[in-house]
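In this document, chain identifiers A, B, C and D correspond to the written order of the chains, with residue numbering beginning at 1 in each.
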Amino acid sequence: MLDFNTIINNIHSDLKNEVVKGVVASYIPELSKQDVNHFGIFMQHMDGRTFMAGDANVPFSIQSISKVLTLSKAIAFEDNNLWTRVDVEPSGNPFNHLSLLELENGIPRNPLINAGAIVVADILCTQFKNPKADFLQYVRDISNDQSINYNYKVAASEKLTGYNNYAAANLLKSFGNLHNDVEVVLDFYFHQCALEMTCAQVAKAFYVFANSGKCVNNKQHVTVSQAKRINAIMLTCGFYDESGEFAFEVGLPGKSGVGGGIVALLPNKFVITTWSPGLNAKGNSLIGMQALEQFTTQTNLSIF
Amino acid sequence: MLDFNTIINNIHSDLKNEVVKGVVASYIPELSKQDVNHFGIFMQHMDGRTFMAGDANVPFSIQSISKVLTLSKAIAFEDNNLWTRVDVEPSGNPFNHLSLLELENGIPRNPLINAGAIVVADILCTQFKNPKADFLQYVRDISNDQSINYNYKVAASEKLTGYNNYAAANLLKSFGNLHNDVEVVLDFYFHQCALEMTCAQVAKAFYVFANSGKCVNNKQHVTVSQAKRINAIMLTCGFYDESGEFAFEVGLPGKSGVGGGIVALLPNKFVITTWSPGLNAKGNSLIGMQALEQFTTQTNLSIF
Amino acid sequence: MLDFNTIINNIHSDLKNEVVKGVVASYIPELSKQDVNHFGIFMQHMDGRTFMAGDANVPFSIQSISKVLTLSKAIAFEDNNLWTRVDVEPSGNPFNHLSLLELENGIPRNPLINAGAIVVADILCTQFKNPKADFLQYVRDISNDQSINYNYKVAASEKLTGYNNYAAANLLKSFGNLHNDVEVVLDFYFHQCALEMTCAQVAKAFYVFANSGKCVNNKQHVTVSQAKRINAIMLTCGFYDESGEFAFEVGLPGKSGVGGGIVALLPNKFVITTWSPGLNAKGNSLIGMQALEQFTTQTNLSIF
Amino acid sequence: MLDFNTIINNIHSDLKNEVVKGVVASYIPELSKQDVNHFGIFMQHMDGRTFMAGDANVPFSIQSISKVLTLSKAIAFEDNNLWTRVDVEPSGNPFNHLSLLELENGIPRNPLINAGAIVVADILCTQFKNPKADFLQYVRDISNDQSINYNYKVAASEKLTGYNNYAAANLLKSFGNLHNDVEVVLDFYFHQCALEMTCAQVAKAFYVFANSGKCVNNKQHVTVSQAKRINAIMLTCGFYDESGEFAFEVGLPGKSGVGGGIVALLPNKFVITTWSPGLNAKGNSLIGMQALEQFTTQTNLSIF
């Protein structure tokens, strides 16, 4: 039987002293202050056991990891209607993300690229009565943790430099694929990205997707079929232009964020979260990618 | 000797009854109210003679024609420094104008596409003390006509639906190629586009470029060399994705606007303006293009 | 316990009378002669059981399904060296497949698009002594069936109209990413695509990838890790611009061909092959996609 | 009155000792043998005078300059029917020339990019009885010089490394926009590019376009209107991605070739040819561009 405790702690020990740790994201001023030496791992097994190493209980900015959480709520609200406004195909290459939006008439390639997540945010702005408060409550509920909160300084910082997201939102608006005001949607979007959670909290939140839609409290948040589809989207689109590489090297559905977090899961088996703020050239946590690669190599656990 | 009066009036008579007149621009609500049957021609010869037909003295929204006027002032301010922020190459294809901006790191292909004109507007916002008032005064001066003004309703209308321009401005901002606030620059930009002028006034204004930089009052506004370069840019970039076609069919430097105006000129010989609000599929005045084609065919006057 | 026999036969009965069956591929003259009414399903379970319905033993042109077979042999030869010449990312959009090759300096996005498969064919032309004969023997061996053969008329037909593949091969050559002559590589490539196999034979061949690299005769053809990676590539890249959709709707690694075949597999569980020659707008078998979707919905078997 | 002799000789003296001369084209092995120090200028005035400096009578490989000559013959054969198979718009950017061909369904952007010139070559292969011999005779006739010939070694060298042109021709074929065999058309195309001419001979050949379609022997080869249109295409498309720059800096219709030649003309006034084999980053002769820029600056002669 696999000794997850030893495996995780060995990986942590091996990698924490790596000299090359990647570069902390600098385009959001608040994020650039992160210490590159943070490194945490948390594993939530479906059988109830948990394993951890390092800074697994230090909160970090989850950034794009939040896109899976908003997606899950939008799917719960809209089910397949959602797919008239956003596609489910990988985004291809990084050279022209707005171009693809132009070529495809304002339908984002998938809900995990920025443009797609902005459409999802727009849907939540329509469906929720108090979007920011209601979404926060949803995250707290699925994570079974009422202490989770937005970091308002990070949200404000993102807004100040979020020109690219303003460009995407306005382009969506020009195609009629944004129903609420640009400012309203982006205010929500900047807050969802500024959610602050620990590795442990993220693992609890994503337990829903590994557990056929039921959270740790056994409440059904999305259907079995919806949970599978969210996992499929994570696998094909979760790591920007490195999604194929991640499927190839790690072999698990997952999602990364520029705050340095990565969450991955094996349906019905476990969720694992890593956090190390240094990023590789494609915007994914350098040490986190290596940790997950080692984990699936050593445990031989993957969906393939 | 050419009888311009007869030529222009014959062209006007022939075309004014054309059944297929193109489609009035609808994306700016205020512009969509234009009567498609308006049709004016005005020719200003360098020898002082003027010729006209139809609605040559009815004001219309000059829209993108204004981009040449702002460009001329930016060149007067910055001379060749301008070209570090915007290129002078034709824009290629219409499928991906924002994509090109991404591929080329925020340097617009030329100053006559929207993104390039927004950079030019940004320069004027920096250089002018009171950008909107000062630019209006410049236009009045080169046209020798103090009655020219903005149509504030059109400007407000453009702002309300200008999502694509907001997308472009924010994308420029994300690349560091917009120095003033997006709102400030676009407010200026929407006003310049909302300038209202008659065919006669536009011809007077563009007299500067046909006359080696000197306006009708003989004042030098741009240098001889700058005037030539502005003409070169009009020839290669003045008609969106139909620039090659216009050079090929008409053979004159010129600029069109979605208000239905077109201005073209033969250096040291004449300026000619047409206005007919119906547009062809590429966004240029359908009847205006035909009028200018017939004019250069009948007079055999072109730069080639 | 799931009654695969009933499930498969019910799906076959339901779908065989569908009026809308898609369009038989016409760009290869020989393929266009196929009867759109063919429809077969074959399931090979890892426990040794097999299930079938309809034309499961009628041979068809496997076309792009062959790309997984050549890939597996190239990986066996080159292991990770292969990835210096071809990437593993989804290809994004269909508008510009040669463009991506240009943008990315002759490195195809993945081995399952044509350009990537041509690079893989080039590797086999270098590694095999008698490429066509040796590759055929490999396919016969992993399928445990010495009767499998090329359809030489189809190969000749593809060559006559394969201009797009000639374009891709020459573009690769211009980037130095094709080591053998264009003619040599494409001759091999057109033959691999012209392999003729039944649903049953394809299922036997792909048993290798579902069975950690061991074929039905228990011989190890690729390593456990290589088999997983091949499955990962099928999942992210196996269905052209519909790969995300297939992962989303079906949730299995798989590969389609324009001959109308589709093969999909659940590691350590089963392989399933369908064949129906009518294609949807994205070039995948219309009825086959529906059959697999129904199969995973009814059995609740997917990697997610 | 301008002293062309002094101006041309001064420009030649100034530039011949420039240290930075650009890089000789290396992708065609035969061309890479050129001495970078060659530098010639030849001016043919419409009034019959000629002026020259340096290597004006040394033959060089005219390469893409030949595209204007084939275009002129295709226009003579087909007139406006030509434009159903090739467009007249500038090609935009260099990143994706084959992509544009894909996006625009096999219609090249203009006849001066490779794909467009290959379509033009295809037309001549259909119209001429003995394409290579007949085209050579046409060039000799318009130049009034029976000594002009192909360099067969260069033609063979281009064929050996012309993978990119094979890619373009096959892509055109896949869209049905190439009527003759790829090999036949490219054999013709590689020979036209391998024409060897001196600055003086090129200037004589292009006299046709400056002289309203009549060659030095006063024979009409294209109509007045066709000559104008060829000039318009040279101005908007003659210098790849530097066409706008050339129009902006030089202000004359012209065409460059990777052999280091450039020809430019002012209608009804003169033709001027330069040759210096070193190229700038965009593939145009570095010293030649500077020479023409100085020439139009000093003489103040341009179409603008």
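The rule is short, and it goes like this: a contact is a pair of C-beta atoms (placed from the backbone, for glycine too) under 8 Å apart; a residue touches a chain by one contact, two chains touch by 3 or more.
Since this is a predicted model, take the numbers as computed values, not measurements.
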item	value
Pair sharing more residue contacts (C-beta pairs) when A-C is set against C-D	A-C
For chain B paired with chain C, centre-to-centre distance based on mean C-alpha positions, whole Å	54
Whole-Å separation of chain centres (CA-atom averages), chain A against chain C	32
Inter-centroid spacing, chain D versus chain C (mean Cα positions, whole Å)	47
Multi-partner residues of chain B (at least 2 other chains)	95, 100, 103
Contact graph of the chains (line, ring, star, complete, other)	ring
Contacting chain pairs - touch in the sense defined above	A-B, A-C, B-D, C-D
In the complex, chain D residues that touch chain B	87-93, 95, 100, 103-104, 109-110, 224-225, 227-229, 231-233, 235-237, 241-245, 247-248, 251, 253, 267, 297, 300, 302-304
Complex interface listing, chain B residues touching chain A	95-100, 102-103, 163-164, 166-168, 170-171, 173-174, 182
